[in-house]
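Structure, as structure tokens:
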Amino acid sequence: MKKLINRPEDVVREELEGIAAAHSDRVRVSLDPYYVMRADAPVQGKVAVVSGGGSGHEPMHGGFVGMGMLDAACPGEVFTSPTPDQILAATKAVSGGAGVLHIVKNYTGDILNFEMAADLAKEDGILVEAVVTNDDVAVQDSLYTAGRRGVGVTVLAEKICGAAAEGGRSLSEVAELCRKVNANGRTMGMALTSCTVPAAGKPTFELGEDEMELGIGIHGEPGRERRQLATADEIVEVLATTVVDDLPFKSGDRVLAFVNGMGGTPLIELYVVYRALDRFLKGRGIAIERNLVGPYITSLEMAGTSITLLRLDDELVRLWDAPVNTPGLRWGA
Amino acid sequence: MGAGYPESLSMVRGFAQAVAANREYLTQLDAEIGDADHGINMDRGMSAVVPKVEALTDHDISGLFRTVAMTLISTVGGASGPLYGTVFLQLASSLKGRSEVGLGEWAEAVSAAVAAVQSRGKAQPGDKTMVDALLPAAEALQAAQAEGVPFSEGLARATKAAHGGMEATIPLVARRGRASYLGERSAGHQDPGATSSWLLMEAAEAAFAKGK
Amino acid sequence: MKKLINRPEDVVREELEGIAAAHSDRVRVSLDPYYVMRADAPVQGKVAVVSGGGSGHEPMHGGFVGMGMLDAACPGEVFTSPTPDQILAATKAVSGGAGVLHIVKNYTGDILNFEMAADLAKEDGILVEAVVTNDDVAVQDSLYTAGRRGVGVTVLAEKICGAAAEGGRSLSEVAELCRKVNANGRTMGMALTSCTVPAAGKPTFELGEDEMELGIGIHGEPGRERRQLATADEIVEVLATTVVDDLPFKSGDRVLAFVNGMGGTPLIELYVVYRALDRFLKGRGIAIERNLVGPYITSLEMAGTSITLLRLDDELVRLWDAPVNTPGLRWGA
Amino acid sequence: MGAGYPESLSMVRGFAQAVAANREYLTQLDAEIGDADHGINMDRGMSAVVPKVEALTDHDISGLFRTVAMTLISTVGGASGPLYGTVFLQLASSLKGRSEVGLGEWAEAVSAAVAAVQSRGKAQPGDKTMVDALLPAAEALQAAQAEGVPFSEGLARATKAAHGGMEATIPLVARRGRASYLGERSAGHQDPGATSSWLLMEAAEAAFAKGK
């Protein structure tokens, strides 16, 4: 295992100490329990937006804390959901009296821990609504399964809901908006390499030199299918077709196209992917109106990409364009 | 014959040791169909549990299990944190007020724990989760109680049933937890959570069988 | 070789097409010859700032084109300096009558190609000044050698000179400022893994599981020294000591600390590095006043980091803080 | 005996072929002490050169070399683009107006080309660069001319000298170009640019020796 770390058990704490040192202008970090919050939280009268999940997906979520996006983020150990007491403490710390939205990615662990925390927060008189993101089209959905994972759309939901909360909307409105974003977004990802959980010390899976995993999540888990390595254009064709056909996105739709890097894939490749996606969508009559290209929801040092499409309307465009000032995403401020 | 506080404490210690000894194994199982952290998670939790329970001065079985539960919930995270937290919370509430646990109480407590896990996690038997080890164990305990076999015999049957349930997860296609994302590819791998649940039943057997 | 690309020979062109598709709001891309320019260039009466170099260092330089930073960037093939005709064409395209600053990283190829281009541009009546960055302390400097490489400081110089040009300074002032930034900045880097030039198809060098390269540049070249793998804290100690002692940075100095990822290192590790650097500098009485953490000057998918320190004064802080709006670096706009 | 336009064109073609055939080899040499692109760079350039020179209608030796130079400068990049561009620009200017090249002209032209490379790149002999192959070749040609040996013999000596110079770069510590960043670690590796320069001398020998 080759990583720029000290002891595996210290990675998350030291990362948080690094974030605290680097971004004290915008965020404050609690080390017991772990959470990252806006430096100016609680913002009185504003709905607070809180998310969280395992570490190893940076900049998500800690890097998205700040004006116009999250009020707090709760990082668990690497790829492990945070615990209820973290979520509860963060929820209390940022609650400004207008209620707290929990944006939860659909994983058994995230759901259970956020549920427990929400129950406890409600006991403390805090209004909490939870919205679950589940945009991963690689997973077959069914009532009888854990359902689809929450992946790329989570980043977009955090930005858009953060803007809405900043704009003074009520908790139920922000929650409704979050469900709208989730309902209109779809994602699929792939990996060229595995990644190594620091505490595990070796790659989660092994892939041959001419193989790739299709339909991966963001936890270094193997994908739904192993295939022969293909060109960027072919890979985009597979991912984008699955994504587009699922919603489905139709000719005339306006979308936000999000080409995400999994952590070990350099930007030069992401632009090659974006080019292919741009061409693919043009061929389907779908107009890219906004985009995001870069490593925003990662899987440690995994090489790979995911493609997220979000169907836009004027409201979503306006909220996407609203100022945001976080370590991981910033414009207009 | 029943198990008192010392045996209950010894069960918690034994589970912690078993988890530590099987940390890599559980993690490897999770690497195959999950995210390679189950052993790490459980070991982090049970390592935190041990000093907490050693420090307890009020030697109450229910309080002991409650401490285990709260510690797991606040240190493990993931799916297993709340789920094992639920197991121990339910054991704590089933055994409230008891200073000794016999086969009947244990059978009831484990059955209630499985039910609580199922209500939290919505897993059915055959979904390839810890339920597949815990439920057969609970049923074996109930059957043993009905047959009137000794506690130690009932405990042994529970461990065996958990082991059988754990092995039976191998061919299953997961429908709950992370492994479900792999779809058909999850078949052919043993569920990590079912494996740690078997270790739990084994720890209970080893500790409780020593009770007078 | 596992990369999200099509044919190796098409990577740079397709990347540029991707950039053009993604960022047409801010940049325009020329494909023959290759260069990226501000959408609103030439800005009349403003000094134009142009840089360039091999591709494979994204977001540098193409991602730094936009308001407040570069007017144009000239990407060569992967790790290969651009050609004089590219540089000439870009220089002409963005020249707004107030002269053009070429920011050139010190590599034989970059120097020679920029020199030729500057000669040609001068023939066309364009005022050109070139400033060479050479901040890499891993390389021993001497009159009789190629001298030190230009690395991390280049990014900072581009931001700061871009702000100064935006503020209306003259060519000689902006060039002088660039020399000042270079004179006050130092960098050293290290690698955990090699990287693969697409056209070469295999890693430039091989490293054992317990080895690292110290004193690397940004072209996948081996470093000055191969060492036993160490912890993040130990690595930072070595890099930062070399950097600090070279200028030297002294107790009481105010600095900008730039922890750069080489392309394959995830953000979580960069924050562990930043934490160590923060502690190291505190121990030396050096105050971090601004920082930059992320993959900004990369070496394809190489895993590793470089540490750049820039001694600040009020002028540099003001220019650093000035608004910038590029795909790779953005604030205040 | 001298080389005319056909032989000069054939030299360019031969160099392009040699570079293509040694693309991997030159790149591998560059991987060891540089950035793994010398073969790729030179091949990109010479592949662009060939159609350009095949299309020339004005069969002038100087014009031919000028086309090679301009094409290399605009397609190669890196250090080798401007440097080989300089070589061919200087050959073009030395051979201006000539329809035939003999040993004397070639010796002068190569010597001027090395001087131009040195003035552009500031490399001294022994710095572990292409100069270490080109300079011995130029000196061998000058010596051959002084001795009055046949053109073919002079060309053969130049190739041999370039080869020797190339091999002599192996133990050197680089002082110019990318390899200089490796410091002492650059010793023990053959310089890629010196290697391509030897290929150039070899191509000249093969093509010019066929001239009548």
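In order of appearance the chains are A, B, C and D, and numbering begins at 1 in each one.
Note that in this section contacts are C-beta pairs under 8 Å (C-beta built on N, C-alpha and C of every residue); 3 or more make two chains touch, one makes a residue touch a chain.
These numbers were taken from a predicted model, which means no experiment stands behind them.
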Remaining touching clusters (ignoring chain C, no chains moved): A, B | D
item: Chain whose Cα centroid lies at the greatest distance from that of chain C; value: B
item: Centre distance in Å when chain B and chain D are each reduced to the mean of their C-alpha atoms; value: 75
item: Distance between the centres, which are taken as Cα means, of chain D and chain C, whole angstrom; value: 32
item: For chain B paired with chain C, centre-to-centre distance based on mean C-alpha positions, whole Å; value: 55
item: Set of chain D residues in contact with two or more other chains; value: none
item: Chain A, residues touching no fewer than two other chains; value: 78
item: Pairwise touch network: line, ring, star, complete, or other; value: line
item: All touching chain pairs, where touch follows the definition stated at the start; value: A-B, A-C, C-D
item: Residue numbers on chain A that touch chain C, as the complex places them; value: 2-7, 11, 14-19, 21-22, 55-56, 58-59, 63, 78, 192-193, 209, 212, 229, 231-233, 235, 263-275, 278, 288, 291, 293, 295, 298, 300-301, 303-305, 325, 327, 330-333
item: Of chain A, residues touching chain B in the complex; value: 33, 54, 76-85, 107-109, 112-113, 115-116, 136, 138-140, 142, 144-146, 149, 197, 199-200, 204-205, 215, 217, 219-225
item: Chain C contact footprint on chain D (complex, rising order); value: 27, 31-37, 40-41, 44, 73-83, 120-121, 124, 175-178, 180-183, 185
